[in-house]
Structure formats: C-alpha cells, structure tokens
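A, B and C are the chain letters, set down in written order, and residue numbers restart from 1 in every chain.
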Amino acid sequence: MTLGMAAGSEPQSSPSPNRFAALMAMPPAERMAFWTEEFNRCVKCFACRQVCPMCYCERCIVDKNRPIAIDPAPSTKGNFAWQIARAFHLAGRCVGCGECSRACPAGIDLALLNISMHIAAQKNFGYEAGADPKAAPVIGSYTLHDTEGFIR
Amino acid sequence: MSEIISQSTLRALAAEWIAGGKSVAGPARVKPDLVLYRTLRSGDDLLLEGFQRPANSIKEFLFPKAEKLYGYKIRGNSVELIENDALEPAQVIIAARPCDAAALPILDHVFNWDFHDEFYNRRRAATTVVTLACSAHDENCFCTSVGLDPGSERGSDAILFALGDGQYELRCITEKGRALFGGKTEKSEQTGKTIAGPEKKFDAQAVRTFVTAHFEDPFWQEHALTCIGCGTCAFSCPACHCFDIVDAGPAAGNARVKTWDSCQFSTFTAHASGHNPRPVQPARQRQRILHKFAIYPEKFGEILCTGCGNCTRNCPVGLGVLSVVTEINHG
Amino acid sequence: MDNVYKPDLMEVTRVRQETPDVKAVSVRFLDSERASNFSFRVGQFGIFSAFGYGESTFNICSSSNWKDHIEFCFRKVGRVTEAFWKIEEKDVVGFRGPYGNGYPMEAWKGRDLIFLGGGIAMPPIRCAVWYALENRADYGEITVVYGARTVADLVFLDELDEWSKAERVRIIRCVDPGGETPDWKGEIGFVPHVFERAQVAAKNPVVLVIGPPIMIKNTLPILDKMGVKPASVYTSIENRMKCGIGKCGRCNVGPIYICKEGPVLTMEQLQGLPADY
C-alpha cells in the first residue's frame, strides 16, 4: 500500500504524459469550456492546498478578508479565482509531485495548471524549481533584463 | 408478487423526466476512475454498475455548496433586499445509495430545530429519492455499525434491487415514489434480496461514551496527527452540514451566500480577537467525532454518520472516521 | 418564503465613540410593524450586518424596556467592525435576532445582584443593570465592579456615574496597575482583586461575571470563599458564530450550542462542559 493511500483503493491509472500537450492543443474557447466544466466541480475543500508541499503560507490569501482578494464562495468566479491564484503563487515553485491532482475529490487535474506555470518559468526565466539551490526564485526576484513584452 | 423494471426503462424514464423539466441527478462517470452524483443531461449518463458508490453525496442537491440567501441593492442610505421566491423545480435523485438517502431524515432535525431552513425544506419537498440497494460493499463501508444496512429504506421514496440481466425489483415506499413509477413496471415473481452488509466494526454507543469522557486525552493527538485540515471529509460526507455565510460584496454580485464549511479548517472557530478554542488539528478532529457520535445523538437522537466510507476513500491521507472510531473501540 | 437568514433593515439613530477603538450604536427598525412587535430579553444577542462586508454577533446592550431602539457596542478588530466603524446616523444596517437565552431576570428577583466585568464585557452587563434599575423594587443590593486595562479603555463611564446615584447601588471602577492616569479617582488593580478588597456583603447574591477567561478563573475562588454556589454565578460565553440559529455547527461547547442554549450559562453548567471555548 502506498503511503497515504486510502486502504484498499486502486492506484489511479497514470495520467497520459501527453495530457498537457492535449490540453494546449485545444483552441482557447474549448480550453475555457474545459476548465469551466472542471472548476464547476470544485467545492473549495482546499485539499490541493493542504497536500501541496509548497503551500505553506501561515495565512493563505483566500483566508484573508481585509480586503477579500479571492471570492471565498465555491461559485464559478470564486473557483476560477482560487485555482488561478494558487497556480500563480506556485509559479516556478511547484515540484511536480502531483498530489494536488491525486487529492482532489472532484477529480480536477490541477497539475495541468502547475505544469503550465512550470513551463512558463522555464521559457521566460530559464528557471526550474529545485535544479539550482542558488538560483533566485522566479516570483521572488527580478532582474533588469527581465522581458517587458507584456507592456503594450 | 413484485414490480420489476428494466435498466432501459429506467434510462428512458430519466430522459422523460429531464425532457419534462425535472432536474434529474444520479451517478455518472466523470473521469476513468471517478464516479460522482451529477445532474444528468441524458438517460445514458446514468451509471448503474461497476463501482461501489459515488465519491460525493446527494446532499448537494438539497443543500448546495453555494446558496444565495438574498441579494441587496445599496443606493446611498437605502438598502433593498432581493429575494428569490421562485419555486424549486421538481427533482429526482436516481440510484442513490441507502447510506445517502438515510442521511436526509437525519439532516431534517438540525435544519428544522426551532428555526426552519426553507432553502433546505423546499428542495427536500421537491425531491424524490430513488435508492439503489447495494450489491456489494468494500472495506471502507460500515453502514451496519451505525444502524443501517445495504437495503435500508430510510429516506427513500422508492428503492431498486438489482436482479441481474439488467432487471430491478422496484419497491415504492411513499406517495412521491408511486407518483413517479405508476404504471411503468411489470409484475414478476422475482424479488430482490438485501445482501449481507459489512460485519459490525465498532459499537457506536461505546464510542459515544468514550468521546464524552475523554475530551482531554492524548488519544486525539496520537490519532489525528496525520490530518492535514482540508474539507474533503466534510464535503463528501452525506451528513456533514456545517456552513458559512459569506458576504463578498460588490465584486461577488452583492449577495449573502451560504457555503459549505468544515470544522477541520483552522479558522472555523477562530475569533476576530485571535483566540481560537480549537487551535490544533487534534482538537478539530475531536470535534468531528464528538459531533457525529455524541453531540448530534444527544440533541436529536441520531448518529450523524451513515457509514458510507466516503471520508476514508477521499481523505488524502487515508484517515476518515472509521479508523478513528475503530481505534476507540479496540484501544 | 420564510427566510430565517434574512435580516431586518435598521436605521442608525446614534453613534457614540466610547474609546479609541470602541463605539456604541443605536438602531431602530425601518419597518414600523416589526418595531411594534419586537421584544427581547436582556442577555440575548443579535447578528448585525454591514451590507457588503458581512455579519457579526453582538450582545443587544440596551435595556429591554427601551422600546424605540436597540443598541450594540463593538470593538474595531476585523473586517465587519471596521465597516461598522465608518457608519453614521441614517445609515442602514442589518439585524437578525433576538437570539440566545438571555438572563433569567425573573428568577433573579429578590436577590442581591453583583456584576463583575472587564473591558469590552461591560455592554452585556450594562443592559442587565439598566433593566434592574428600571425594575428597582424587584432586586436587592446592586454592586458593579468594572475594570479595564487603562482609563481610556473604560466604556459607558457616564452611565456608571448615573447608576451610582441610584438607591442601594455601589459602583467600583478600576484599572490595571499602570493603567491609571494622574487624576484617576477609582481603584487600581485587577477586577478579581478589587472585588475581593471591596468586601461586598451580599446575602445569597446572583453574580454575573463577564470577561476574559483569566479574569473569570481568578474570580471563582473569591466567590467560593464568599459562599456563592456555582449555580448562582452566571456568565455569557462568546464563541464565534455565523447563523445564530443552531445550524451552522460552529459555536458549540460540547453539546451546548451557544447560540441556542446559551450564551448565558451558569458556572455549574460551564464546569460540566469541555474546555471548548
């Protein structure tokens, strides 16, 4: 029995390694429909946050209320806001353990979000979590050479 | 003499109910390894075999994860409250498990304790529950330890027993059940049997005695240490009903919303002053067990648990209620 | 639909700042029919709300004999109380209530009353004192020992002055050592010690003690020495609440739902409950 697995449960079939490629092959409208469907099942149980080895903030942003930055309700808006915010806060920090997807009781493949931020960190900043202990963390630092192409 | 109905008829009926404007919910395959109760879009979505039970419960159809209590419009110094008085559409939950249906009469108590929660009551009145008796149980099930069994009719308006070959015996229990299936069945000699449930795994009365007498006890520290404090157990439980009322303001559409909450969250009992009566996870786990096996029974005469095993199956660390209460009984 | 979660709309009629972070607010029902039908018992609480910010639980700190308005008193500590801090006369707030069990003022008739309170615990005592003074003949000697960390933290000081002029009333004000100002004329010391020094000679009193757990813990032995039984000592337990009507599962202390079977409990009851508050 794998540590942490519910007694007697079957190991989940390994997700296809190309599932991220399959996701990104979808045109934007289809991808948005996909995520809307997925996030509509989110109940804000925060299992994804609690199992994540890199979610260790003493007070999570979703629990703060002055101001309310993330709608706490498990509405479409509240769920999108939560999942996107968490993915951003893990950009360049996610270590790819896959616990978020395993723990989600609603079967949302949250790892896909973190994979996309991991790739973005690699592509834009040449950064890979855990590869170089001396590298400055992506969302915790900046250099004057950082691209500003997003300012248009 | 029994009434029997075929799987194809059930699916056709589901499609008819959907076409007629009813909301129909039942088990559906969401992922290769995940079955959930969902609002069905067609009779074909209904999944009747090949799994123990859905990973969620039917409570979301009577007690939604987010329920708008009222909206408000603020204009200068005046506030207008906007309520939704539209009647709930008729709803059918098909192929619920006995451990899901049995939670409804249990929840009726708290939602009607002196004050009547009409959000819950209206949905309850508009819902017909068609239960599918279990054909098997797994090692996470323990309905027999909390006074139920795989063929329990509690909370059901009608109950189906699988006969094999895509046939089911149908027993209508209430007027609502009869109204749904009148004239849709065939007579038969075959009758379904309630299978033997899981062997009793603990004595609920002994658990109640223990938790009432051992509020301060290293037991909680020893057996709740692995709990990571998410809401998975509470949210997948048919009987858990703790909720929050949030007011996210203009950005969230100016409404007050009732949302699911869990006693396992660290801020569940946190005061604005910073004081928290349950500051550590063992204290919060203790509350869960106390509420289910001692407090709710004391107040309403019912155990707040139907032995469905969802908590254990879904818990990211494999904890759940069963392991803690069996430890109490045997420790 | 009878929506138990829907608040009454209230208009703010007065806002008084009591300390640098405490205000007292008077509100009246906008619906006159509701206003004429409304009544409550002192010791009950309400769930007041600032629309757009949220709901918060406060004791209704006005006397139940005052028919034209109700009052609540709050310290600015969080999101909702920060929103309340900004309200002015004519603003509209929400109110759900009255909830809870209230003080058994009927059962207390004929007894001497001792009120012991610390800091922001004065408001839930204030309503009971006013009620007792307004029904003066029903109650015996009234003693109030009220203290706060510093002089600036004391609330309703002007009303304490008024009370001290009533018959058979003894008011003792105190501040923690170091909290006094040069012109402070009251006592210096923690409420339990000041109460002990006061040597209150009460026959079979009812004691209402509200304050931080440490204050209550230090007061109980003194009451015990006075021969006051735990069944005659009352307190009002504050636990975090949301629904106020016994459903959301948040406020229980063991099997007691504070919003329904509390918040007013005797020490005898409290001593039989787990330390879950």
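Following the convention adopted for this analysis, contacts are C-beta pairs under 8 Å (C-beta built on N, C-alpha and C of every residue); 3 or more make two chains touch, one makes a residue touch a chain.
As the structure is a computational prediction, the values presented were derived from the model and not from experiment.
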Between B-C and A-C, more contacting C-beta pairs sit at B-C
If you average all the Cα positions, which chain's own average lands nearest?
B
Using mean CA coordinates as chain centres, what's the gap between chain A and chain B in Å?
29
Centre-of-Cα separation between chain C and chain B, whole angstrom
39
Between chain A and chain C, what distance separates the C-alpha centroids? Give it in angstrom.
47
Send over the residues of chain A in touch with two or more other chains.
68
Residues within chain C bordering two or more other chains:
54, 78
Shared interface positions of chain B, touching two or more other chains:
244, 246, 249
Flag every residue of chain A that touches chain B in the complex, lowest number first.
4-10, 12-13, 41, 43-47, 49-51, 63, 68, 71-75, 77-78, 99, 102-103, 105-107
In the complex, chain C residues that touch chain B
1-7, 9, 49, 51-56, 77-78, 81, 90-92, 94, 238-240, 242-243, 245-250, 252-255, 260, 274-277
In their shared complex, at which residues does chain B touch chain A?
30-34, 36, 55-56, 65-66, 138-140, 228-232, 234-236, 244, 246, 248-249, 251-252, 257, 259-260, 262, 265, 267, 312-318, 320
As the complex stands, chain A meets chain C at residues 65-66, 68
Residues of chain C that touch chain A when the two form their complex:
54, 78-79, 82
